[in-house]
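All chains are identified by letter, namely A, B, C, D, E and F, in their written order; residue positions are counted from 1 within each chain.
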Amino acid sequence: MSDENRKKFLYINRKAPYGTIYALESLEVVLIGAAFEQDVSLAFIDDGVYQLMANQDTAAVGMKNFSKTYRALGDYEVRKLYVEKESLAERGLTAENLMPIVYEDEDDDYAEKPSLIFVDRAEMAALIRSQDVILSF
Amino acid sequence: MSDENRKKFLYINRKAPYGTIYALESLEVVLIGAAFEQDVSLAFIDDGVYQLMANQDTAAVGMKNFSKTYRALGDYEVRKLYVEKESLAERGLTAENLMPIVYEDEDDDYAEKPSLIFVDRAEMAALIRSQDVILSF
Amino acid sequence: MGTLHTINKSPFERNSFATCLAHASAGDVILMIEDGVVGARKGSSFAPALAAKLASCAIYALGPDLAARGMKPEDVLEGVKLVDYAGFVDLTTEKARVCAWL
Amino acid sequence: MGTLHTINKSPFERNSFATCLAHASAGDVILMIEDGVVGARKGSSFAPALAAKLASCAIYALGPDLAARGMKPEDVLEGVKLVDYAGFVDLTTEKARVCAWL
Amino acid sequence: MRFGIVVNEGPYTHQASDSAYRFAVAALEKGHEIFRVFFYHDGVNNGTRYTVPPQDDRNLQKLWSELAEKHGLDLVVCIAAAQRRGILDANEAKRQGKDGDNIAPGFRISGLGQLIEAGIQADRLVTFGD
Amino acid sequence: MRFGIVVNEGPYTHQASDSAYRFAVAALEKGHEIFRVFFYHDGVNNGTRYTVPPQDDRNLQKLWSELAEKHGLDLVVCIAAAQRRGILDANEAKRQGKDGDNIAPGFRISGLGQLIEAGIQADRLVTFGD
C-alpha cells in the first residue's frame, strides 16, 4: 500500500497493566492492526507507562505476563512507542526502569535501534494532532 | 430484633449517578436491606453527593430517573444520610442544591424531620470507624 | 481543523480530565459528556483550570448529561457552550479527528 | 481495633486513594492492592502524602501486585510493609472491619 | 460523513452504550452513514439476548438490534473479547463445544481487523468507554 | 473466622475477581470459613459457563467452580444484577421466556438479601471491585 493511502493510527495507553485488561486488549489490537500496514504509533501517558516496566512478574497474581509482547512489536513494524516524560517523572520513574525495546532496521544492515521515544507533554500534544485515527485504552 | 443483635451497616456512595450504575445498584441493596432491620446509615462522599442533586432530569439521556427513591427512604426506616461538607464545597455545591429528604418521626406526632446530616471529613471518618459492616459503591 | 477531545469522567474522580486539558492544542475543541459534565460547574475547585483553557480552546458540555445530574445552564461556567447529541455529531464533523480521554 | 482500608486504584489515576488517606483514623491500617500498589513507590509525587500518613497508620502493599508491575521491595517507600495474600487475610482478622475504597 | 463507532463497555454498568446509541441515532437523523459499530472489551456484553432489564428501564440490546434492522447497521462483536466474556453465536458455540449461544439479533461476531478496517474506512472514529 | 466476600466486577476486565479468588484461597488455607461469595454489579459475569479464555491464561469461572466444589462454597449471583446483564439459570430462563441458560456449575442465582445476610452472619465482609 502506498504511503498516500496509509492512515496514521495512534493507540493511546493510559492504564496500568493487570489492574484492568485495557493494556492487554490494546496490545491485541496493535498486533492484528499490524497486518493492515498503516502508519502506527503507540503513546504511553499517565499510568500507561507502567505497561513498559522491566521485570514484570505475574506468577503470584496468577495472570498472564504479556510484557514480552512489547519487545516483539518491532517484528510487526510497530517501532514508534512514545513515552511521556512528565508521566514517568510524576511516578518516580526513569527510562532505566523500562524494558529495552528495539527493532532491527533493515535499511541499515539490521542494526538494532530503540523503539522507545521519550517526549514531553507538548510533543505528545503535537503527536495527537498529527493523527488520522486515535484509539484510546 | 433487639438493638443488641442489630449490626451497623454503612453504605458508602462515591460515584455520580448515570455515568455508572453503582448509585442505582447501591440503592437497590439499601431497599432490600431495609427488611433486615439493621442499623443503616448512608454516606455520600466525593462525586456521590451528585446522587442527591435536586431537579435530575434524565429524559434526554433515556435512562431511568431514580432520584425520587432517595426521598422515599424514610418510609424504609433509612433516615441517616450523611453528606460530606468538603465534597460539596469542592464541587461548588451547597445544601440548597440537594433534594430535601425528610422522614416522619412516629415518636414525635409524625413530625417531618430532615434525613440529610451534613458532616465534615473528620466526622465522616468517625462514622466509618463506628460501623460493623461497610458496603462500598 | 484540529481535534475534538471528548472527556466522560469527573475531574474530581479521575486525572483523565486534567490530562485531556494538558493535551488539547490551541484551536481544539473539548466536549464534556457523561460524568465529565460535572466539571462544567462554576464555583468548583476545578473551574479555574477549565476557565484558563477557554483562552485557547472552545469548550462544550452535553446538555442531556447536565440535566440528568440536576444541573441547569446557569450553573455552567461562563464561556462553556451547551450542545445536544446532534450538536455532538456536528462537532465531530467540524474537527479532523476525535480523541476520547477514557 | 480500628479499620482495614483497602485501596486498589492508582493515586495518579483516581482520587480514591486521597479519599482513603483522608478517612483513615489513627491506628487504622491501609493496604494497597491491585493498581493501588503504584502509590507505594518512593520518589513519586504521591510519596510525601503517603509518608505523612505513616505517622498515624500502618501501611502495607500487596507483594504479588507489586511484582506484577515490575516493582521490587527496594522501590517501595520506607516504612511501607509488604504482605502476601495470607498476610492480607491476617490484616482483615486483626482489624474490626474492612473498608474498600473503590 | 461516514462514521465508525466503538463501544468499550457493557450495557447499564457504564453509560458508554447509551451515549453511543444516542450519538448513532443523531448521526443517522442528520443523514450521515455509520460504517460499523464495533463492540470491544466489556462492550461485547451489549450483544447478548439473555438480558432482562427492569420493565421501567431501557433495553439497550433491543435498542441496538432495532436500530440495526431499521438502518442496516453492521454491529460487530470482537471475537477475542467475546470469548473471554461468554458471548457466543451458534458457530462459536459449536466450535468451542458449548451447549448454547446467546448472541442477539443484528449482532455478528468477527475479528479485531474489523475495528482497524472501521478506522481506515470511516471519516471519523468515535469511541465510547469507561 | 467467618468471611463474606463480595465481587463487584466481571472476570478479566478488572482484577477484582482474581484478587477475591486468591484472598479466598488464602483464607481457606488458614482454616477460616467462607460463609458466602456474593457476585454483584458486573460481578455476575463471573458466573457464565460460556466463557472461553485463551489457553495460556487462567479460567476464572473454572477456578471459582472448582473452589466451590472442593470447599462447599456458596457462590451467589445477584438476580437483579444478573437479569440486566444476561446471566440465567434454567429456572430464570423459563420464567423470562429465554431459550437457554448460561449459569456455571457451583453458582446459584438469588436475591440481594443474601448479601445483607452475609454482612450479618460473617465476621468480616471483604469487597473487591473497580
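Definition applied: a contact is a pair of C-beta atoms (placed from the backbone, for glycine too) under 8 Å apart; a residue touches a chain by one contact, two chains touch by 3 or more.
Quantities reported herein were computed from a predicted structural model and do not represent experimental measurements.
Visitor: Chains in contact with subunit C and with subunit D: which ones?
Guide: A, B
Visitor: So which chain is farthest from subunit A, going by the mean of the CA atoms in each chain?
Guide: Following the centroid criterion, the farthest chain would be B.
Visitor: Does B-E or A-E have more contacting C-beta pairs?
Guide: A-E
Visitor: Among the chains here, which has the CA centroid at the largest distance from subunit D's centroid?
Guide: E
Visitor: In whole angstrom, how far does the Cα centroid of subunit A sit from the Cα centroid of subunit D?
Guide: 29
Visitor: State, to the nearest whole Å, the distance from the C-alpha centre of subunit A to the C-alpha centre of subunit F.
Guide: Distance between chain centres: 35 Å.
Visitor: From the mean C-alpha coordinate of subunit C to that of subunit E, what's the distance rounded to whole Å?
Guide: 26
Visitor: Could you work out how far the Cα centre of subunit C sits from that of subunit F, in whole Å?
Guide: Here subunit C and subunit F have centroids separated by 38 Å.
Visitor: What parts of subunit A, by residue number, touch at least two of the other chains?
Guide: Within subunit A, the residues that touch at least two other chains are 18-21, 46, 61, 63, 132-134, 136.
Visitor: So which bits of subunit C are touching at least two other chains?
Guide: Residues 8, 12-13, 15-16, 34-35, 64, 84, 97-98, 100, 102 of subunit C each touch two or more of the other chains.
Visitor: Multi-chain contacts in subunit E: which residues touch at least two other chains?
Guide: 12-13, 15, 22, 41, 54, 80, 84, 125, 127, 129
Visitor: Spell out all pairs of chains that touch, sorted by label.
Guide: Every pair of chains in contact is listed here: A-C, A-D, A-E, A-F, B-C, B-D, B-E, B-F, C-D, C-E, D-F, E-F.
Visitor: Where on subunit D does subunit C make contact in their complex?
Guide: Its residues touching subunit C are 12-16.
Visitor: Give every residue of subunit E touching subunit B within the complex, in rising order.
Guide: On the subunit E side, the touching residues are 12-15, 18, 21-22, 54, 56-58.
Visitor: Under the touch definition given earlier, write down the residues of subunit D that touch subunit A in their complex.
Guide: Result: residues 8-10, 12-13, 34-35, 38, 41-45, 47, 63-65, 67-72, 84 of subunit D touch subunit A.
Visitor: Please give the residue numbers of subunit F that touch subunit D in the complex, ascending.
Guide: 1, 3, 8, 15-16, 19, 22-23, 25-27, 29-30, 32, 123-130
Visitor: Using the touch definition from the top, list the residues of subunit D that touch subunit F in their complex.
Guide: The touching residues are 6, 8, 33-35, 64, 84-86, 88-90, 92-93, 97-98, 100, 102.
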